Every structure is written in structure tokens, then in C-alpha cells.
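This structure is in C-alpha cells; I'll ask about it shortly.
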Amino acid sequence: MTQPEPDATPVLALEEVSKSFGAVRALRGVSLRLYAGEAHALAGENGAGKSTLIKALAGVHRPDTGTVLLDGSPVEFHGPADARDAGVAVIYQEPTLFPDLSVAENIFVGRQPTRSFGRVDHRAVKQAAADLFARLGVDLDPEQPARGLSIADQQLVEIAKALSFDARVLIMDEPTAALTGSEVSRLFGVVRTLREQGAAVLFISHRLEEIFELCQRVTTLRDGTWISSEPLAGLTEDDLVRRMVGRDLDELYPKQETETGEAALTVRRLTREGVFTDVSFEVRRGEIVGLAGLVGAGRSEVARAVFGVDRWDGGEVEVLGRKLKPGAPSLAMAAGLALVPEDRRAQGLVMDMSIERNIGLTGFAETTRAGLMNRRAERDRAVDWAVKLQVKYARLADVVGTLSGGNQQKVVLAKWLATAPQVLIVDEPTRGIDVGTKAEVHRLLSSLAAEGVAVLMISSDLPEILGMADRVLVMHEGRLAAEIPRAEATEETVMAAATGRAARGRDAA
Amino acid sequence: MTDTTTKATARRGPGGAVRWDTAVGALFVVLLLCSFSFVDNFGNALNVSFLIGNTLPIALIALPMTLLVVSGEVDLSVGSTAGLSGAVMGALWNEGMSIETIIPLCLLLGVVCGLINGLLVTRLGLPSLAVTIGTMAAYRGIAQIILGSDSVTDFPSQYLDFGAGRIGDTFIPYAALPFLVLLAIAVVVLHATPVGRSLFAIGASEEAARFAGIRVKRLKLSMFVTTGLLSALTGVFWALHYASARYDNATGLELSVIAAVLLGGIDFDGGKGTLGGAIAGVFLLGTLQNVMSLLNVSAQSQIVVTGVLLVVSVLAPRVGRQIAQSRARRKATAVPLRPPAATS
Amino acid sequence: MTTTAEPVRSAPVSRTAGARTFIDKMFKARELAVLAVLVVMLGATQIYNGEFLSEQGIKDLLLNATILALVATGQAVVVITRNVDLSVGSVLGISAFAAGNWLNGGGSPLLAVLLAVALGALFGLLNGALVSLGKVPALVVTLGTLYIIRGIDSIWVGSRQITADALPEGFVGFGHDGIWAVPYLALLALVVLLAVGYYLRSYRSGRDLYALGSSPEAARLAGVPVRGRIMTAYLLCGALAGLAGALYLARFGNVDSATGNGYELTVVSAVVVGGVAFTGGSGSVYGAALGAVLLTSINSVLPAIGVSSVWVTAINGILLLLAIAVDRILALRVAAVLRKKAAQMRSARHD
Amino acid sequence: GGTTKNDTDKKSGSAVTGKADANAETKKGLKIAFLPKQVNNPYFTIADTAGKKAVEELGSTYQEVGTSSGTDTSGQVSYVNTLTQQQVNAIAVSAQDPGALCTALKQAMKNGVSVVTYDSDTKTDCRQVFVSQASAEDLGRTQVQQLAKQIGGKGEIAILSAAQTATNQNTWIDFMKEELKKPEYKDIKLVKVAYGDDDAQKSFQQTQGLLQEYPDLKGIISPTTVGIKAAAQYLSGSKYKGKVKLTGLGTPNDMRAYVKNGTVDAFELWDPNKLGELAARTAVALQSGQITGAEGQTFKAGGMGTYTIGKDGVVSLGKPTVFDAKNIDQYKF
């Protein structure tokens, strides 16, 4: 399986590295070599150990056994600082910004340009950040505080930070999960330049086409073990999937034909000042409605307002004929509404609580007897759904924060599907989920719709929207810009509406 | 990520090692046994009843405080609320009102105090630490205005007896009975009802709790109100137990409660802890003070011991964990390959 | 997602730029608000009582604020790192006595001050070590050291006390003399405040403290030497509490084993009023110092306008509540205005 | 219905029963415990050390316990309980609160412990004898007389007290007000009573406030050692030094610097040594059965002479001493 590798010494390498967390053996004897001027992909299902491998490379985790080699000689990184000083820049899977610091300071923490007597040169910091953003083609104000940035913007800041190192090794753990097309291509452009200048790149993504577009070589992990390392040339996506999953995959967007019934969710002229205006739509039973738009278009905000987490200033929301009160999620839930939020770490899960308790949070009505918790019922409910969604865990009592990103996402889904909702709003339901599970989630959404559930799906993954939705709503700058039936929905029509060129587009056509 | 691991293992310890609240409970039992056998005058019923009676105010407030802290908030005004309720009790008594009317009024006052704290925290979104530092001064000040320099001592003897007396010649003070009932209620609420589950969720991540449809503000508000109510009850008890209603009753009680609750392993970041631990912490400190006094340990040295105990209580689990981890790391190399536990 | 190469972002320039300067202004305004409240309060008192802002009056106000401002400065630094130091009162007490004891034994005043600072720094280091090496909650640890240091202090001091006649003339004079209405103590505190403020703003390690408080996990990943920085913050806080102890001695000329008892709550109040958030990462030492001045001034204003001291505690508490509530309401208003602005900008683009 | 204040039967009078034999032999080997308001308080340390000397001289053992805060009433109660448990023979206590200690002290007396209060009394039925530092009347009136002399019998004066609840302070202040009603003080006006809570910083600021509010203030009486010290420190560093007179109760050690630098002309205090000694001797006398605490009983207090128990079981130490620049160096406490 191993094809001849370049003769040169790898810039950074892992040899036979193992790492366990208690009973979980996240990595077992994995080796990986990164060469100058080469982009290396890391593929594997959720929980395969990709992020753990990266953290071992970056000095966040100390391997239990095995060595890290820098330019061929063993090194021991005692912390992220050591790795950074050795020229390794890392973008972690979950953005780790300082909410109170400005974007520019976030990028240069600990490395700010200085003036005489070691004083920080604030102007230079700002300028350097602005330059980085220009290079990435991103329009962010360097002096804006990081608090309140959308996930996508946060990820962009992380990318800018990693680039600012001019590192010899650039490691990126799912940097594109929250990004849309043009940002991704900009990023790839910059990364290619770096690579051509001699940097080694390690790249993780669950979007296989990105791997093929950017990388030359791929290493596959399964359940913490090394499966293969090989050049990408000559491989197909199916080959890669087979290596990751160990079997062939089913159809990716398994859309079932369903009959649509009465309107289950009706939103009329919903307005939240400064965020979105005059949003009206309805979702019928058995229907999957896609909600598309650019990053920052306000889709998540609409979802949050409908569910009642945010208040709305005007308009009304009806679920199965029942009017909802603004700002009351518990009433919305009682009416049969469920929302799978976009930020699983902050909104979807209580990271310090166990899997069981997290799933249980939405089901007190079912799991209490005479006002007291029924442990058995609570457990059964959690097990049922964790198994149904194939969450990979050791014990139900494990803290959710120790699961891999994709498995966390599954727990969020489990938590909400367990409420047997009539109307399900999913916000980026497959962000960070591997191809196998993604298909699983899609099948699940399809069958839910077939059972008569009304589904509103927000996604930045356009193929997903196009593959799954019966109708596509497109938002642009806080307003509903277009409603496109499935037959007419293509990348062109949706993007045209999303970028505000809908009218012009139609004129031209 | 590693941060969550450490947090997670903090309570359970690697490989299901001893939890901190269990450890405090065990420590308490050991202390009791040692005191019974080796400390003169400790074991007799009168002393034990003194010990319980003097610890009751702290224990009473520790109940709602634990719930509040689990939900990620804190109330520093408990001592002042108790003082205020005592002061009002004294003032109304001096006015000639009947004690049977006064006590419910005082409890109502406690509810109002808690409501003010709760509304400021939940409606205005202010940090509870800041709010209750403010109300701590405000309530105490109002108590001072109401009762001034008076010290009311002539409460009816049957009430005073209830506050200070014990059942026959046993070691059980009368007041311990209602406390046991309240304790049972609190344990059930925190550990076996949706309310308790929700409090833990709110404390660990308020936003996630809100997204799960938990009525965060209402729950928090009701916790503040409960804390106010029980603080007022403590104030009434205090005035009867010490047969003295003064504006400065129960000064500094908040620190004692917090120290005890912390010792019991309740995490002030919210989301962690058990009532058993908190109560064990309360009585551990109370017993320790009693024993040290009997052994003629000076007040100054007692302060040092309390402080050391607090520091050790947070350091010990941490050190233990590190030792266990390094041992586990050594072992990991020797363990044979085993497929990971998966679901299906 | 490689298909579209459209300009994807919807022109967010205006989204941020316009709002930012406004936020920036508001941010500074938090401190300005405290300042404004202070000025109004002092002005009103002066109108009511002409003696209030006499030379002696101003001197008294400044002197009263000095010690609290110093300790609050140190505390703010710790709070910015998302920690807290409850032991400041005990540290102040024990360093004051140490300095007094030294002077009593005929030592030089300068060395006495240095001794107090060193002792404070030592305890700061102890706190910092316990918090950062043990990675344990600062609240518990420093509540513990609050008791421990207080206990050691009372065992060491016993019933002894340092009185004014044990102190050199010059040292006591330093405690209340000054240049016109500005006491030396206040000048010293101001210098320290400016130095610490400048350090926090303009040095990498200072910025690290903000980063650390803003997100400890991110700081670790960014390679910020977390332990070292936390130690620095506690060291600074301890040293300033020690310095405050020496100044306390100079000012009050009297120290016993209860000196500084319960001071931590006052300090924490000052920091809170000054707008330093307990969640870390925001606020400034200037705010904390202003908070200290505001709090101590209230205690001078009330007697000066003849409010009976019976009312002082209650009024103090209510004013503290008002201060934080007004601050919060202001912040909410600003957020609302920002949102409106953003909306207007958006609809402007739609037209 | 319900129980109101009027329903409770008023019991009063001291807790005295049994007969005394003035010639009974002084018992030895007793355990005598001192429970001051606050340990580590210099004033109480002086008193208790003298008490210790007396106790040991009489062949008994001495023990001091107490809280480190002066307002920790519950702490004081639990110390009384502990002492009862330890079966000491007598407790000499300075009560933080007149009522709060009652239950515990009565329990102690029931268990055969003799209870003497000193410096600060409880309700009369909760102890056998109160050893008073000087009659409250004397103290109140002489302080006014002192200040009147210093300010030339004319002008505004104020009082800086300790806590608003301090019983002894309040009694003295009442007598001061009585004294001021006399015609020779008609030109003196008491403008305010301020409370510094026996806290240096608060007393400081209260003094400032008094001076700002009453710019014509001529004098201050501070009948508390902490208060007078703080006020003196403030005055000595301000423009009011020597212009505003200060008197009250203070210890010579505390006040020496201010008397010498001219801030304070004269102040007064009883001798805390004597107070402690008398408390100790009273306790032993009680245990020996020489007295029971009833009015009119007399006992010999070693070198201090013979004392008679007054109304409500009060024994009075005598007139306070006035300290000024001339005599202050003779006193070292």
C-alpha cells in the first residue's frame, strides 16, 4: 500500500505514536511523514483520531509511546509553544479565540511587533492583520473584538493566525467546515503558494473533493489505527471512502419522495431589528425545506428566533396552528418544535455533562414519574438514540466533551430527535460529520420527512441543500431573497439569489 | 479538549477513583470517631447538641446555597438577609406584635430579599457576585436602620427553648428535626428531579441549557428566592437560638457557608457537586472547630487550620489525579491491543 | 464547494467599521461614567457643604482613596486573568505589621516599605504558585490563604500593636504631608497605577494577561506561558497589597492583628464598580482605581452632608447596586443602538 | 391571639441564690477561664494578663479563650459552651452582647460554674457579679468635664463612639448628655454622635466628616480606645491639630505620641490591670463561697483592698485616671 516516498527527510514526522484517554485508545502505533512542498491529507471517520494526531504533532498532547521527529531527529514538545517555535502552525478543529481581544491581537498574541523597550507597536499589529486579511481576501476589521464573530469568521481569523507564522509546517484541522466556496478557494490559493514556497501542509476535511483538490498524498486512519499512506493521484473518492469506512458507501443524498401535508410551521413577517426583516415562509408536513444564504445572511438568527431563544420584534410564528410566544423555547418545544443549533459546543451540548444527561435534557416529561427522575427511563431513552445514530462512545456516563467532533454532533441530533418533533429545524446538521455518517443523517432526515415531520434545513453545504431539499429558501442580508422549487434549484440560481443578483440574473435569462 | 478531560476526571478520578465529596464524608466520619474516642467531653450528649445547634445556621443556608452555586450563581447577602430578618423580628416584637404573625412576616421578607437579588441578576443580567455584595451591604444597613442599637432578648420562652433546647437528654436539638426535613427535600430536588438536572445544566453551560428549552431565568430566580427564604428562616432561628435579635446577627455567615460548601467539593464555576458533599463539608468544619476548642487550640490557630484544610481540599484531588495519571501512562505501554468500546 | 468563485461576502465593511469606533468610545465611556458620577457627587456635596472641597478636604479624599486604589489596582490585574485574590486584606495586615515592627526596631523607613512590598510579593507568589501549579480554583485557594495568613498574622502579632510613637517622625509625616492638597501617598499610588496601566497595555506579557483571562484554553494553545503569567499577576497583586500595608502604617500610624480584616470585600467592590469583569479579559486598572476613589468618596460624602452613620451601610450598598445597574443598562442601550445602526445600514444598501 | 411581648413574664434581678460566708477559706486549684470580647485586643490582653497573675497567685489555674473578632457573638456563645463542657470552675467574660450569651451562661451556672462579667455586662440574671471598670456615671460625666475645661466651656462638640450597639458606650453617652444639661454647660452644644465601629479607617472618616459638617467644632469626645486613637491620628496630620480638642478613653501607650505633639491635652482611663485582677479575685471569691453576688456583700481582693457589691451585683473599680503630658510617662500600658 505504501508507495515510494520522496527520499528527502520529512520536516515533521510521527513514528509509531500511541495515545490513550483512559479506556479510549485514540491512536495506536500511527506513523505519518510530512515533506517540504507537499500537501498531505488526513482522512478518517469521526473519532478516527485525526484531531488527536494533530494535537500530538503540535505538542498539545504528549504521546504515550512513539516519537515525534523534527527534521529527522526526535524532539519532545512540552507544549504548543515549543511546536510553534519549531515552525509548526496549527489551526485546531474548534476555533480558540480570545473573545475580549481585538481580531488583530488574536492573531499576534505573544508575538506582537514591538517598538523600543519592548513596547507593543499597536499600529503595526493592526496593519499586519489588515495585510493578512487582504491576502485572504477577507473583509474583517482588525480592531473588532472577536466576541460575536460567526463561526466562519472565527475560522478565518484562525487561518490568518496560522498564516502569520510563515511556518515550515502548516497543520489545518477541518478549516473549511464552516466556510463557503469562495473563501475556501481563496484559502486554497494561499496554501498552494505557501506549499510552493516549501512549506509542508497537513490538511483534514470531511469534504473529499477538497482533499483531492489541494493535496498530493493522503494518510487514512480508522479507529485510531493507521490504514494507509499513498499519493492521491490515481485514487478515486470511492477508494478513499473504502479505506476510511472499511466498506462501500450508499448513496450520499438519499432523497425519499414524500407527500406533503398541511403547513406545520408558518412564519409571517418575522422581524428582529438589525438582524432580519420581514421573513415569511411555511414548511409543510413531509417536506424538507432548505434555507441557503451566505455566511452572515441571518439564517441562524431566524431559526433561533422561531425557536424562541432570541426574541423577535414583529411578526408571528405558528406551529401546527398554535401561535408561539416570543422568547419561550419551552413553549415551542411543547408545540412540537425542535432546533439543532449550529454551534454544538456552546449551544448544542453541555460539554461537561455526560452523554446520557445531555440527551436527557430535552426529555424530562418522558423520564419522570411523579416529579422524580426515573433513572431507567432516562438511560433507555439515551441508549436508544445513541445507538440509532451510531454515536461512538465508551460509556454513556462519559463526558460529552471527550467525544470527537462528529460524535458530538450526533449527540446533539440524538437529543432533539428523541423529542419526536413535528417540526425540526436543523442548522448545519452535518458540519464536521464524516461522509458515512453524513449519509446516515441525510437518510434520517429523509425518513423523518417521510413520517410526516416538517424539516427546515439550514446549511452552508450547497450540494447538501440541493440534494436534500424539496424547496430552497435563500436569504440575503437579513431578508428572504428567493424561493426556488427543487426542480429549478441549481448552484447558479441559489448563489445568484444569495449574492443579491437574483433580479439581474433573471433579467439576463 | 484536555481541559475538559481534567475537569471530567476531577470529580470521578481516573478509573473511578474516590470522588471528593465521598472523601470529605469519610474524613468527617474519621474525625467523629477519633473525637469520640480521644477527646474529653466531646462525646456527651450536651456537647454534641451544642455542636449541632451552632452548626445549624451554616447548614441551613448551605442547602439553597449549594443549589444556587450548582446553577452557577452565588449569594453573598445570606448573612445580611438573616440579620435583617432577625432585626425585623426584634423590632416587631418590641411593637407588641404576636410572634406567630412575626415569623411568617420575616420569612416573607426573606422571599422579598431573594426576589430582589434574583431580579437584578436575571432581568438585568448583572453578575450575582456584584449584586449580592451590594445587597449584602444594603440589607445589613436596613437592619441597622430598623433596629438601631437595640438588642431584643425577651422572646417567649417556649420559642427560645425550641431554638436552643434539645429533645430530652438526647443529643438532638429540636431545630435539627425541621432541618432534616429540609435536607431531604433539597437532596431529592437536586439529585432526583428535572429541576436538579436543569440546575446542573445551567451551571455547566447556560447557553446550552437555554437552547434545550430550560427556563433558565425562572429557575435561577426561584433559587434566589429559596435562598432568601431559608436565610430569613436562619435569621429567625439565630435570634431564638442565641436569644438575641440584633442588627449585626449572623455577620460574616456568608464566608463560613461558602468555605464549607467549597470544602464539600462544590465547584464555583457551576455545574458540579453534590449536596452530600456540601453538608459533609459544613459538619466537618463545625466539628473540627468544636474539637479544637475543647482541645484549647487558640482561635488564631483554628483559622490557620481552616485555611489549610481549604487549600488542601482543592490541591489533594489534583495531586492524586496527577499521580494516577502518570501511573496510567506507565501502564498504557503494557496493555495489549483491545478494540475500542463502540455501540453497534 | 469548489464550484463557485463568486465574491461571497456581502460587503461587510460598513457592517463593522462604523460600529467599531462607536464601541470604542463606549468602552472608554465605562470609565468615564464612573468618573462622571464621581464628579457630580463631589460637586453636589461641595454645593451643600462649602468646606468639603477645601484644601484639607481634597487632601483627605485623596488620602482615603490611596490605599484602596493601590490594592484595587493589583486585584484588577488578577481579576483580568480570570482569577481572584481574596487574601489581600490579610497580606496588607501582615506586611503593615512587618514594616511597623522593623521601624519599631529602629530600621530605616525606606527599607521598611521595601520589606512590606517584599513580604506582600512573597505571599503573592505563594498564591500564584498554588493557583497556577495546582490549576485549582483561585476563589478557594485564596479564601484558604486569607485564613492562613490572617491566622499567622494573629499568632505572630498577638496582642502587640504598633502605635504612632513607635514610628519615626518622617515616616508618619510622609503619611499625611504632600504638595499643596496632593499627598505624597496619592502621588505614589498614581505613579504605580500609571506604570501598571502602561504595562498592561503596551507589553506583550501585559497583553497576555488579557488573553489569558479571555480564554485560558486558547491562551494555552497560543503558547502563552500560562503559569508564569498567573504568577506575575499574583506577584504584582501581593506586592501592591504589601505596599498598601506600608502606606496604611504611615497613614494610620497604628497596626494590630486585626488590620485589614474584611478588606477583601471592599477591594472586590471597587474592582466591580470600576467595570472589571469577573469573567476575565476585560476592564482596566484605571477603572478599578476610579472605583476605589468612588467608594471611599461616598464614605466621605455621607458624613460631610450630615447623613447619620446609621444610614451609611445601607446607602453604600444601594449606591453600589446603582453603579453596576446603570453601567449594565448603559451597555444594553449601546447594544440596541448598534443593532439599529446595523439595520439602517443594511436597509440603506437595499434601497 | 398569639404570643406577644406583654405575655412574657418579666423576670429580672440577679441570678443570686444561697448564702455567703465572708470568712470562708479561699479555694485553691480552681480552673478560672477568661473570655474577653476579643483575643489579641491589647486592652483585653492587659486586663487578662493581670487576671492571670492574680489567679496564679491564688493557687488556681488560668486559661484564656475567645474569638478573634469583636463581633462574633455566636463564637463567644460556643466558647461558653465549650468551657461548660470542660468543667471550669469560673468564667470571667466580657460580653459582646448582653442577651446573646444568656442561655449559655445560665446553662453554665446550672452546672456549677461561677460567672463574672467584666468590662461589658450581660443582663443581670445571666451572671453573678459584674466588675465595672468605673461607674458608668463617673465615666460619662468626667469626660464632659474634661472637654469643657479644654475648650473653655463654650462651643460645639461631638461624640465619636464605637458600634451603635455597644452597651457600655451608650450608657456613658447617656450620662454625658445628662451632664451637659447642667447650667454651666449651657454654651456647649452637642451636635452629633458618630459611630466608627471600632474600625480605624471608619473612625478616621467619621472624624473627617464631623469636621467638614461642623466647621466650628471645638471638641470631640471619643469614649473608645480605637476611636480616640484614629481621631488623634487624623487631627495630628491635619490643619485642625491643636485647634480641635480631643478627649475620651484611651491607653497611655496609644496616645503618648499625640499628647507629646500637642494634639491631645488630656484623656482618661481606668487601669485595665486592676480591672482584670479584680475580675479574677471576684471569680475566686465566688467559687470559695465568700460571696454570692447579692447586694451588700463584701470581700477582700488581696492588695486591692475590700470591695462591696452594689445594686444588681455590680462591683465598681473606682474613679478613672486622667492622663496628660505631665503624668503620661509614668504609665506603660
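For reference, chains read A, B, C and D in written order, and residue numbers begin at 1 within each chain.
Throughout what follows, contacts are C-beta pairs under 8 Å (C-beta built on N, C-alpha and C of every residue); 3 or more make two chains touch, one makes a residue touch a chain.
Quick caveat, the model's predicted, so the values are computed rather than measured.
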Given subunit A and subunit C, the chains that contact each of them: B
Required minimum of steps from subunit A to subunit D, each step between chains that touch: 2
Most remote chain, CA-based centroid, reference being subunit A: D
Pair of chains joined by more contacts [C-beta pairs], C-D or B-C: B-C
Inter-chain centre distance, subunit B versus subunit C - centres from mean C-alpha coordinates, in Å: 29
Centroid distance [mean C-alpha coordinates] between subunit B and subunit A, Å: 42
Gap in Å, rounded to a whole number, between the CA centres of subunit D and subunit B: 37
Sequence positions of subunit A contacting 2 or more other chains: 60
Subunit D: positions in contact with at least two other chains: 39-40, 68-69, 164
Where subunit C touches two or more other chains at once, by residue number: 154, 217, 220, 310
Chains touching one another, given as label pairs in label order: A-B, A-C, B-C, B-D, C-D
In the complex with subunit C, residue positions of subunit D that touch it: 38-42, 44-45, 68-69, 164, 192, 194-196, 200-202, 204-206, 208-213, 215, 229-230, 233, 236-240, 253-254, 256-258, 260
Subunit D-touching residues of subunit B, taken from the complex the two chains share: 40-41, 44, 46-47, 50, 54, 57, 93-94, 96-101, 144, 148-160, 164, 238, 241-244, 246-252, 289-290, 293-294, 296, 298-300, 303
Complex contacts: residues of subunit B adjacent to subunit C: 3, 6, 120, 124-127, 129-131, 133-142, 144-145, 148, 252, 255, 258-259, 262, 267-269, 298-311, 313-315, 318-319
Residue ranges of subunit C in contact with subunit B within the complex: 130, 134-137, 139-141, 143-152, 154-155, 216-217, 220, 262, 265, 268-269, 272, 277-279, 310-318, 320-321, 324-325, 328-329, 332
Parts of subunit A lying in touch with subunit C, wherever the complex brings them together: 60, 79-82, 84-85, 90, 92, 96-101, 105, 109-112, 114, 118-120, 122, 138-141, 143-145, 176, 179-185, 207, 209-210, 213, 273-275, 277, 294-297, 461-463, 476-479, 491, 495, 499-500
